[in-house]
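What follows is a pair of complexes built around chain A, which joins chain B in one and chain C in the other.
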Partner chain A sequence: MLEVKNLHSFYGDAHVLHGTTLHVKPGEVVALLGRNGMGKTTLIRSIMRLAQPQVKTGSLLWKGEELLGLSPHEVAKRRIALVPQGRRLFPSLSVTEHLTMLKAASVKEGWTVDRVFEMFPRLAERRSHRGNQLSGGERQMLAVGRALMIDPELVLMDEPSEGLAPVMVQHLETIIANLGKTGLGILLVEQNLYSALAVADRLYVLETGKVVHEVSAAEVRNDQSPLMRFLGVH
Partner chain B sequence: MSGLNLIQILNGLTFAALLFIVASGFTLIFGLLRIVNLAHGALYLFGGYIAYSVTGMTGNFALGVLSSMLCVALMGVVLDLGLLRFVRGFELRQVLLTLGVAFVLNDLALVIWGGDTFSMPVPEMLRGAVRVGGGFYPKYRLFVLVLGLVVFLALWLLLNRTRLGALIRAGVDDAEMVEAMGINIRRVFLATFMLGASLAGLGGAVGGAFLTLYPTADAEILVFSLAVVIIGGRGSLVGAAVGALLVGLLNSIGQVMFPELAYFVIFGPMAAILAFRPLGLFGRAA
Partner chain C sequence: MASAYSPQRRIPIPALASILIIFGALPLFASSYQISVANEILIFALLAMSIDVLAGYAGRTSLGHGAIFGASTYIVIYWISVAGGSPWIALLLGVLAATMLASVFALLAVRVSGVYFLLLTLALGMIVWGVCLRWTSVTGGENGIRGVGRPEIIADPLVFFYTTLVTVLIFSFIIWRFVQSPFGLTLRGIRDSESRMSSLGYSTASHMFIAFTITGIFAGVAGALYALFNNFVSPSTVQLSQSVEGLLMAIVGGIGTLFGAFVGSAAIILLENFVSDFTPRWPMVLGFMFIGTMIFAPEGILGAASKFFRSGWKKNRIKP
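Now for the complex of A and B:
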């Protein structure tokens, strides 16, 4: 469904992605592992077509259509949603407004405010709070809920477990796994190997802007050692 | 408090209402598009002249005001789509560009309307004075005060009770994220630019009746608007209202009590506020 081919991305003169190639099939949960500074966020931003980084060569095929040359809102219109690093909620908007800014509350198709609140009852309790008045876990729930409101077929999640308490991380893993089961494709950037293994069907290891290892979760369950070697864990 | 009385305070409040109308447009554009639109004063002046001409021709005050808002909103579209798009993301170039546009518009106004001072004709029902306290006060200035309140209320409802308002507020917080949610932020920007410009036009039209219209009026209103927005904080509607009240009242108090320090009375406190709250009273870091 999503095919990233030989992508080269730059921040100014800094060459960050050196020919990254990977793919995500429909309904597949794919984890992207790698240490800090290896280009994981750069890849997510490249796919979303955000202003930085600049993609100089390569291709980003979504259902056969080239995404390069589109603006971020056009990418989102093709049902690719972003749960960005650091959540990036809107401090001036209430929880409900985060969800209704895209769709009127009266729309009953696809993801609705009620469905998001059903999935995250905590958010329903906090519906009139503003984005910056929530706890870390609630913020992440809202960031996920907001992304779902575009009725995505693929969600790009950039380190959703970052900075969360262990119990919250588990809750999030359940949510991601359940979303994956509904047929939603997820490309998950994750530093925590065990979180990634808990939800992913397939894993990639990114190193200095290149995929150096690809493995299915089933294979990792049989033998962890090759993956560990690529992650620099011995 | 020698010389300070109810009339002076009303003068301050009505001036504040006008300042709010103009500065609210300025702060909307500044907050969302991150553009310090130095042509805002010129749009104000143009709006005033257009309202003056249309009202003169038709004898209809409301028509004059509306045509001013419409024309200036269209000038905003031309400015945004025709010029500012080429310097997107370069803040200094944007500011210099709008400064250049301000000069060009000012000269253009001089060519079209000449250097005389005009006063926007006021409709019959707003002429004369009403009894306030122990004295009389011009009806028209009270009308401006009410209009300022109406504009505040309308903008507040737009920003806080509509989807466009939510998008504008979200855009002030994080425009890139709004874009990543499938919203064409350019359209929100353009709508905001038109709205902000039309408020400058409205200000010029109603302000033209009591501040009069003359070739340097644009620079004066611009300096006051800048002070209002800097005090209130970028992009904040409530900030613009509080800033306008502060500047309006300080201005009339200053003129009465310390006429030789009139400007210092406004810009002294502004500097003091900035020293302690660099983002203004209601400003937030980007």
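Now for the complex of A and C:
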């Protein structure tokens, strides 16, 4: 479904991604692991075609179609959604407005306001609160709900567990696992190995802008030591 | 069928009713001069609202709306006085011309934001002013064009005042509905973060183009009403100070409050009219008022008032 081939991305003169290659199949939850500054967010931003970073060479194929050359809204129209790092909600919009802005409340197809509120009852309780009046966990739920409202086939999640309380991380893991079961492809950027292992089918390790290790979650559950070596955890 | 979670849009009945009562009752006790001032307040409130949609909801401060307003005034007066056409057709042509001009401004300005948007709209407005000043065979140059009066049915000043009131109220409701619509929400989203809106599948440039063009319709309606009100147009109607005044009205009333435009328009026009009776240095008084507003009520008069009442209500609520 998504194929990233030999991607080279730059921030100005800084070469961040050095020929990154990976793929995500339909309905697969793929985790991208790596320490800070390894290029995980840069990869997500490159896939979304955000203005920065600049992709100089490589290929981004979505169902066989090249994404390079498209603008971010054209990528999103191809049903690729982003849950950005740090949630990035709209501070002036209420919870309901975040969702109805993307699809009218009367629409009954695909992901709807009702369906998002069923998945996150807490958001329904806080529906008239603004984005900047929510707790970290609620913000994350809303960021996921907002992404789902475009009826995605692939969701790019950039460190969704960052800064959340352990109980909220567990709740989020359940949600990601359930979303994966609905046939939604997920590319999950994580620093927390155990969070990634709880939900992912496959894992990649990114180091200095290159994929250095690819392994299935089942293999890691049997033996974590090779993965730990790549992550620099001994 | 709407979802149980459909956003509730309460029609701003108190705001619309207050405007209707205050302005509607005015002829009962006001002189014809005061009614004329009230008429001007209503027209400029509509212009200020059109600016507020962009500045308060989409985060783009335009200094070109005075030119769009003035272009409509020019077309209406030209069509009636010079071409000898029907005043009703003139009104339609005025609004149409303003909308087209706004779409040209929008094409050029929507890809920039912040100070660049401000400067670009300023420059576009200056071009319109330059054309009106130099194209003397059509615009009359500095002498402008004098109108030949209103259509007979609204010729009476009182009837015209009520026509303006009803028109402005209808357009106020339309503007309110526009900013509350899902499209209006996307404008607020763009104001908060363009890149976020883009990654949600929105072409922010197209949205800004549509928004700018629609605000051109509102400014055009205000300009057409002004043509019938003033019966005269000159380059001063399209000059930068017109845009600045409209913007100041929106700011003094409260950016993003929409109905604050009425308060801002009233404050500025009343000061201009009444202070100038007492001192030739009235612009200085106006300047002090702006400084005072920025220091003591940066959210504008209506913004500060609603903040005050909200905090008062909260204080009362926590009392045992």
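We take it that the second predicted complex is superposed on the first by the 234 of 234 C-alpha atoms of A that agree within 3 Å, B and C clash if a C-alpha of one lies under 4 Å from a C-alpha of the other, contacts with A are read in each partner's own complex, and residues count from 1 in each chain.
Please note the rule applied: a contact is a pair of C-beta atoms (placed from the backbone, for glycine too) under 8 Å apart; a residue touches a chain by one contact, two chains touch by 3 or more.
Predicted, not measured: the structure shown is a model, and the values here were computed from it.
Sharing chain A, do chain B and chain C clash or fit in the superposition?
clash
For A:Ala165, select first, second, both or neither according to whether it touches chain B, chain C, the two together, or no partner.
neither
Counting residues of chain A touched by each partner, does chain B or chain C come out ahead?
Looking at chain B versus chain C, the one contacting more residues of chain A is C.
Who does A:Leu68 touch here: chain B (first), chain C (second), both, or neither?
A:Leu68 contacts neither chain B nor chain C.
In the overlaid three-chain picture, which partner chain does A:Val212 touch, first (chain B) or second (chain C), both, or neither?
Neither: A:Val212 stays clear of chain B and chain C.
Give one of first, second, both or neither to describe whether A:Met101 is in contact with chain B, with chain C, with both, or with none.
After superposition on chain A, A:Met101 lies in contact with both partners, chain B and chain C.
Report for A:Val113: first if it touches chain B alone, second if chain C alone, otherwise both or neither.
Only chain C is touched by A:Val113; chain B is not.
Examine A:Met228 and indicate which partner it touches, taking first as chain B and second as chain C; both and neither are also allowed.
A:Met228 contacts neither chain B nor chain C.
Per the contact definition in the header, classify A:Ala124: touching chain B only (first), chain C only (second), both, or neither.
Once the two structures are laid over each other on A, A:Ala124 reaches chain C alone.
Can you list the residues of chain A that meet both chain B and chain C?
Touching chain B in the first complex and chain C in the second, residues 48, 50-51, 71-73, 75-77, 81-82, 84, 88, 90-93, 97, 100-102, 104, 146, 150 of chain A appear in both lists.
Spell out the residues on chain A that touch chain B in their complex, using ranges where they run on.
48, 50-51, 71-73, 75-77, 81-82, 84, 88, 90-93, 97, 100-102, 104, 131, 146-147, 149-150
Could you pull out which chain A residues touch chain C in their complex?
On the chain A side, the touching residues are 48, 50-51, 71-73, 75-77, 81-82, 84, 88, 90-94, 96-97, 100-102, 104-106, 112-114, 117, 124, 127, 146, 150.
Show me the residue ranges of chain B that touch chain A in the complex, using the header's touch definition.
Within the complex, chain B contacts chain A at residues 89, 163, 166-167, 169-170, 172-174, 176-185, 284.
With touch defined as at the start, can you tell me which chain C residues reach chain A in the complex?
Against chain A, the touching part of chain C is residues 1-7, 182, 185-186, 188-189, 191-193, 195-204.
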